[in-house]
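All chains are identified by letter, namely A, B, C and D, in their written order; residue positions are counted from 1 within each chain.
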Amino acid sequence: MSKRKLIQNIAALTDTTTIKVRFSEVDFMQIVWHGQYIKYFEDGRESFGKHYGITYMDVYNNGYMTPIVSIDCQYKKPLSVEDEAIIETRYINIDAAKILFEYTIYRADDHSVVATGSSVQVFLNTNRELELVNPQFYLDWKKKWGII
Amino acid sequence: MSKRKLIQNIAALTDTTTIKVRFSEVDFMQIVWHGQYIKYFEDGRESFGKHYGITYMDVYNNGYMTPIVSIDCQYKKPLSVEDEAIIETRYINIDAAKILFEYTIYRADDHSVVATGSSVQVFLNTNRELELVNPQFYLDWKKKWGII
Amino acid sequence: MSKRKLIQNIAALTDTTTIKVRFSEVDFMQIVWHGQYIKYFEDGRESFGKHYGITYMDVYNNGYMTPIVSIDCQYKKPLSVEDEAIIETRYINIDAAKILFEYTIYRADDHSVVATGSSVQVFLNTNRELELVNPQFYLDWKKKWGII
Amino acid sequence: MSKRKLIQNIAALTDTTTIKVRFSEVDFMQIVWHGQYIKYFEDGRESFGKHYGITYMDVYNNGYMTPIVSIDCQYKKPLSVEDEAIIETRYINIDAAKILFEYTIYRADDHSVVATGSSVQVFLNTNRELELVNPQFYLDWKKKWGII
């Protein structure tokens, strides 16, 4: 895949959603506990899924589950109680039977970057066996959005 | 059920387990977030279940689920990071097709009471329908422990 | 306080906010884990606080903290992944130096009742000592909203 | 730092602790929710800290906080309700004013690898400013354990 193609895909399949920091998400240091960002990434994926018609339930109803096999997060600035944050979720198209997302979390008031990260998911069938090729419904979904 | 019988049951079926407060369980006020105690109660039930042979999985393998239908907690003292707490879980025998537990959480160092509470669970069958009479496996379990 | 006054207060100081069930909030039974509702109540209080100018931070900036001393929840119906729920938070005016809320959680699609509950909070000063009389800022807040 | 030195450090400063999967940690797929592993890593750090005299509270009492600035996790096998897992936390010595840990989570019954990961922490002083050089207490701690 050329770099140009990649950039187009990023541009084409991006979702943003806004969350508000909950009181219970703040830790001893009075900032959002770092593990919470993994939930924000999940919020981002769900919002993306709803936006582009590929939620966990859509995947499940097609006979698959897509567990996370790798995740990472780099923390740039803290978030505090009542802060609003924008979660940007970018779909990165790859040929392998995997789903790759990149995330950027921005503070809502000044749009500064709070955190970045990425996740990789694989496909399991109903017997919980790893699928080595892309399921048909997923290829159809890619076609629908002009990725392949 | 007479009060005497009740007291005997409490004495007979009680479990205690010790937990250590996690860093991530502490909130903005630098004390354990109040919702966390609902997890401690669950820790208590799981420890009780293991002790008396009636874990969630035992129940599940008998074809039932036992969702919580009511819970309450009264907070007496705070817990902080690295505190150890003892969760005392008391099984309260009732005739209805319900499971009733009472809880007391103690600070481990001075055995002062941190919180008290209770929970009520019902039985759902595999169709997720409410069971109005006690399942046979549950009556057998009661017999085994001399409650009925 | 007469019953009539109480009913007026309930009518006057009520907030509703909508939440969407997160994937990570669902448990083994594929329904929202019961402890999660304690967070929904907190979401309700925060939304109420923002609506009526009495958030945790407002309280904190006035030199007080208001920890929960009692909470209860009765579960009526399950919530599942992607369900939307409406949290109704009703302020119940009492003379004592406590904050009392009642909650009703509705399923958004059919407005059926999912859960009910209540919470009690007390005032601690900056030395974390219990305040036995209502802080002035709180009385001012009550006056502003025509409760006293 | 030579590779030999690194290996020695890993061998020297390693902690293992055992956790039991909580019912509430399991998700829709009836396996431990992926974000939960970030808590397991924290459990590992806390156990390491207790073992080697460098808990969050020790750091805090020396006038510092050590927020996470980077974390990653690779998932190999699922964990289910009631599974026991061993968290191995390895301190990796580096010259920079950072704390680096690597983690391996094993299933307790067959010692198979469930997940691997790493985290990086930095030092903030009481004004929450980044410390660019290692605090003295941290250098003393390194000396005590024969790392420098």
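To be clear about the criterion, a residue touches a chain if its C-beta (ideal position, glycine included) is under 8 Å from a C-beta of that chain, and two chains touch if they have at least 3 such contacts.
Note that the structure is a prediction, hence the values are computed from the model and not measured.
K.L.:
Which chain pair shares more contacting C-beta pairs: B-D, or B-C?
P.N.:
Taking the two pairs in turn, the one with more contacts turns out to be B-C.
K.L.:
Averaging each chain's C-alpha atoms to get its centre, pick out the one most distant from chain C.
P.N.:
Relative to chain C, the chain whose C-alpha centre sits farthest away is D.
K.L.:
So the centre of each chain is just the mean of its C-alpha atoms; given that, what is the distance between chain B and chain C in Å?
P.N.:
Comparing mean C-alpha positions, chain C is 25 Å from chain B.
K.L.:
Just curious, how far off is chain D from chain B if you go by their C-alpha centres, in Å?
P.N.:
Comparing mean C-alpha positions, chain D is 31 Å from chain B.
K.L.:
Enumerate the residues of chain D that touch no fewer than two other chains.
P.N.:
23-24, 28, 35, 39, 42, 56, 81, in rising order.
K.L.:
Which residues, counting only chain C, touch chain D once they are in their complex?
P.N.:
Going by the criterion above, the answer is residues 23-24, 26-28, 30, 33, 35, 81.
K.L.:
Report the residues of chain C in contact with chain B in the complex, numbered from low to high.
P.N.:
Going through chain C, the ones touching chain B are 28-29, 31, 34-35, 38-39, 42, 56, 65, 67-75, 78.
K.L.:
In their complex, what parts of chain B are in touch with chain D?
P.N.:
22-24, 39, 42-43, 46, 55-57, 81-82
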